[in-house]
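Pasting a structure below so you can have a look.
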Amino acid sequence: MLLKTLREEVLEANLELVRRGLVLYTFGNASGLDRNEGLVAIKPSGVPYEELKPEHMVISDLEGVVVEGKLRPSSDLPTHVELYKCFPNIGGVAHTHSEFATAWAQAETPIPCFGTTHADYFHGPVPVTERLTTGEITGEYERETGRAICRAFSNLNPDSVPAVLVAGHAPFCWGPTAASAAHNAVVLEYVARMASHTLLINAESRPLGRELHDKHFLRKHGSNAYYGQVKTQ
Amino acid sequence: MLLKTLREEVLEANLELVRRGLVLYTFGNASGLDRNEGLVAIKPSGVPYEELKPEHMVISDLEGVVVEGKLRPSSDLPTHVELYKCFPNIGGVAHTHSEFATAWAQAETPIPCFGTTHADYFHGPVPVTERLTTGEITGEYERETGRAICRAFSNLNPDSVPAVLVAGHAPFCWGPTAASAAHNAVVLEYVARMASHTLLINAESRPLGRELHDKHFLRKHGSNAYYGQVKTQ
Amino acid sequence: MLLKTLREEVLEANLELVRRGLVLYTFGNASGLDRNEGLVAIKPSGVPYEELKPEHMVISDLEGVVVEGKLRPSSDLPTHVELYKCFPNIGGVAHTHSEFATAWAQAETPIPCFGTTHADYFHGPVPVTERLTTGEITGEYERETGRAICRAFSNLNPDSVPAVLVAGHAPFCWGPTAASAAHNAVVLEYVARMASHTLLINAESRPLGRELHDKHFLRKHGSNAYYGQVKTQ
Amino acid sequence: MLLKTLREEVLEANLELVRRGLVLYTFGNASGLDRNEGLVAIKPSGVPYEELKPEHMVISDLEGVVVEGKLRPSSDLPTHVELYKCFPNIGGVAHTHSEFATAWAQAETPIPCFGTTHADYFHGPVPVTERLTTGEITGEYERETGRAICRAFSNLNPDSVPAVLVAGHAPFCWGPTAASAAHNAVVLEYVARMASHTLLINAESRPLGRELHDKHFLRKHGSNAYYGQVKTQ
């Protein structure tokens, strides 16, 4: 069996989405990439989470062709693959229909950075993709979704803003590993929830200033980070 | 005892409503139909869910006349029966007062299709019935509720839009089985919740375009569906 | 020890408020009345719920004078006593600071009857009291709160509308027993929650018509009720 | 090992924040002060709560210099230290990014006293700090955050209003002990949640009058308090 450790990490990332209340029934999926092998491990489509085992993960190449696994991969696999090809540093992708992040995607509104919780994880607003064209929808729909995400980052650094809202659909998140992608999905939902409340309390709420946004992001990321323990960060 | 398997399926569908947080106290009810026998199994009225056993389910014919069971059937039985007569392909009905779907019913506002989560299950907005007339309320109220639902689908396909909001009351959902009716009730609540947040974030939110709505619905339903596993779908 | 059964019923009603998520820390209190004895059993003030035992309940007369119990009664006891004197048919009172019902009380807005869930329990809008005067606040504050509730029902039947919102404070609910008072408090919170969502979805939402409001209330209450089982209702 | 009891109290206060749903992952931190020793015990930075033991608490002096502990202290330690120096009666500080209190901080809107739940704990609106200047952000950021809080209380009594909203960040709460600081953080989140709902129900909601605000605060605090049991208050 290929990629035993990656399968376990991907399964664990999928289960983290369940534990944190981000998925209903079989919604959502997380994957991980082994860049040396050029292989992706992803959750199978429509299988109840409580039954998932490492051996159920489906292995595909970077064109989305299954190379090991008896089950169908998640129907969103072509989107994951596009992200791995477009964003060279990422090693994990998580997709959910979590309640508030999905609402922002449905509202086609970028999530402004209203506070330091957001700034700790996302170095700028969380962007929204363009709507797909009719041709993209009726063609290679899932792959085009990945391409639309890629285009949304033409002037953005995906390592600093590890999340996107697909217009009318839901969020995709990523990170160096499947675990970090799932972690970012959990934080995105929390940030989306608080941003929604913020607007309801004060419709004129202002985004954080650039200096504070930088301060918090860089307190946790990069060579001068000083949050957390040295060994574990 | 008649319809042992159907009783168990109906009990399980009722318990699914509880597990998913859709019912308070004895609110809500699910039923199932055996079209060969022309018999319905439904939850009894006002009995605590934790005490329910298969033998408590009440069996009625398609006129709502009880043919087996010592307990009174749910007072909404005549509504269920009308739906079974009006919608020829359905085999299960679930009725809840779930929090957000009920709020949309109370607001007498159809739930627009704001995203693919909705489109995966409901091929169009979830409609609202007309208010009942005084005569309908003081007459065969529960049966008239079923007839009002039937009228709301005079130009809609109930197999593609397996849910309705009864004005000033709450949702009814259905499907080929009692389990699928309960499943649709759970998803409807989730969709209603996200649609409400969507409007709060952006009061000008636009429904999904027809192409993407079709794409997602047909990705999960019909002869070209490719979501899930072949054997389990 | 006086009133052993009533103590147990009152304890159970208090614990129901906890189980249903209506109380934070030591907030809230429920009491029961034995009209034959003219004695009230009520939760002690500020004692953690998990430690409560029947013998901790405090027994007072209808003037609020403690006749048995080593602990101080809930500081709201004088409000409960006023309600027992003003509303001749009630045998239980429950007071919580539950999240949405309290928000309506703080908004000083009666809860309109937007749907049948409301109509099943409350035969009209849930009213709000007048604000207390400075003299009432600095005088017998808790007793004056009870009197303000009583005045709010000068043209209302407390048996048909078993709840009130005290302006700037929180709800009080009641019923024939402590258990029914707690049950009404749980349903009131659910109704308050849905009414809030209803307004957000459609600010022009209309209350239920009188006929449907009557129909649902009388389906569950009075001599022609037909909801639930004959023996248990 | 220094301050064994204080370490246990601080750990317990941190765990209370978790039990009450105020923290996600490693967000948040609580500390306690021994004024005789001039030493603070605080949670280490970025360590999962489920692994925390008393010996992991980090001990610092009132300048924020670590005097015992192998782990890095919470990065917010300089803020805690400033509060201990500015507010002479407090012995505990709790900082969370709890959902609704953080939303009010992000909206840069003081929480009005809409009801008696608020008045029971906070004798006035919960204030918001000024935004920090660029120099403060790029300088001793966490210490400046503490100074901004201190300035926000130049005309307020921190013993009567034991909470603040740091603009664009989140709440800090305090009290005589770490336990009371955590308790106040839990109540603040509940009050923030209800205040938000109150505004949605009625955008013209009025704050509580001064007399009732005083009445409730003084019913629970000071020499004439009569809430709770004599021995436990």
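Order as written gives the chain letters A, B, C and D; numbering starts at 1 within each chain.
Throughout what follows, a residue touches a chain if its C-beta (ideal position, glycine included) is under 8 Å from a C-beta of that chain, and two chains touch if they have at least 3 such contacts.
Nothing here was measured: the structure is a model prediction, and the numbers come from that model.
A.B. asks: What are the mutual neighbours of chain B and chain C in this structure?
C.D. replies: Expected: no chain.
A.B. asks: What is the Cα-based rotation angle between copies chain A and chain B, on a 0 to 180° scale and rounded to a multiple of 5?
C.D. replies: Rotating chain A by 90 degrees superposes it on chain B.
A.B. asks: Can you check whether chain C and chain D touch via the same residue numbers (shared by over half) or via different ones?
C.D. replies: different
A.B. asks: Provide the C-alpha centroid distance between chain A and chain D, rounded to the nearest whole angstrom.
C.D. replies: Using C-alpha averages as centres, the distance is 33 Å.
A.B. asks: Can you compute the centre-to-centre distance for chain B and chain D, using the mean CA position of each chain? Integer Å is fine.
C.D. replies: 46
A.B. asks: Give me the residue numbers in chain D that touch at least two other chains, ranges are fine.
C.D. replies: Counting only residues that touch two or more other chains, chain D contributes 200.
A.B. asks: Dump the list of chain pairs that touch, please.
C.D. replies: Those chain pairs which touch are A-B, A-D, B-C, C-D.
A.B. asks: Can you tell me which positions in chain D touch chain C when the two form their complex?
C.D. replies: Per the stated touch rule, the residues are 114-117, 183, 186-187, 190, 193-195, 197-198, 200-202, 205-206, 208-209, 211-212, 215, 219, 226-230, 232-233.
A.B. asks: Hey, which residues of chain D end up touching chain A in the complex?
C.D. replies: Result: residues 24-27, 44-47, 71-72, 75, 97, 99-100, 102-109, 131-132, 134, 137-138, 141, 168-170, 196, 199-200 of chain D touch chain A.
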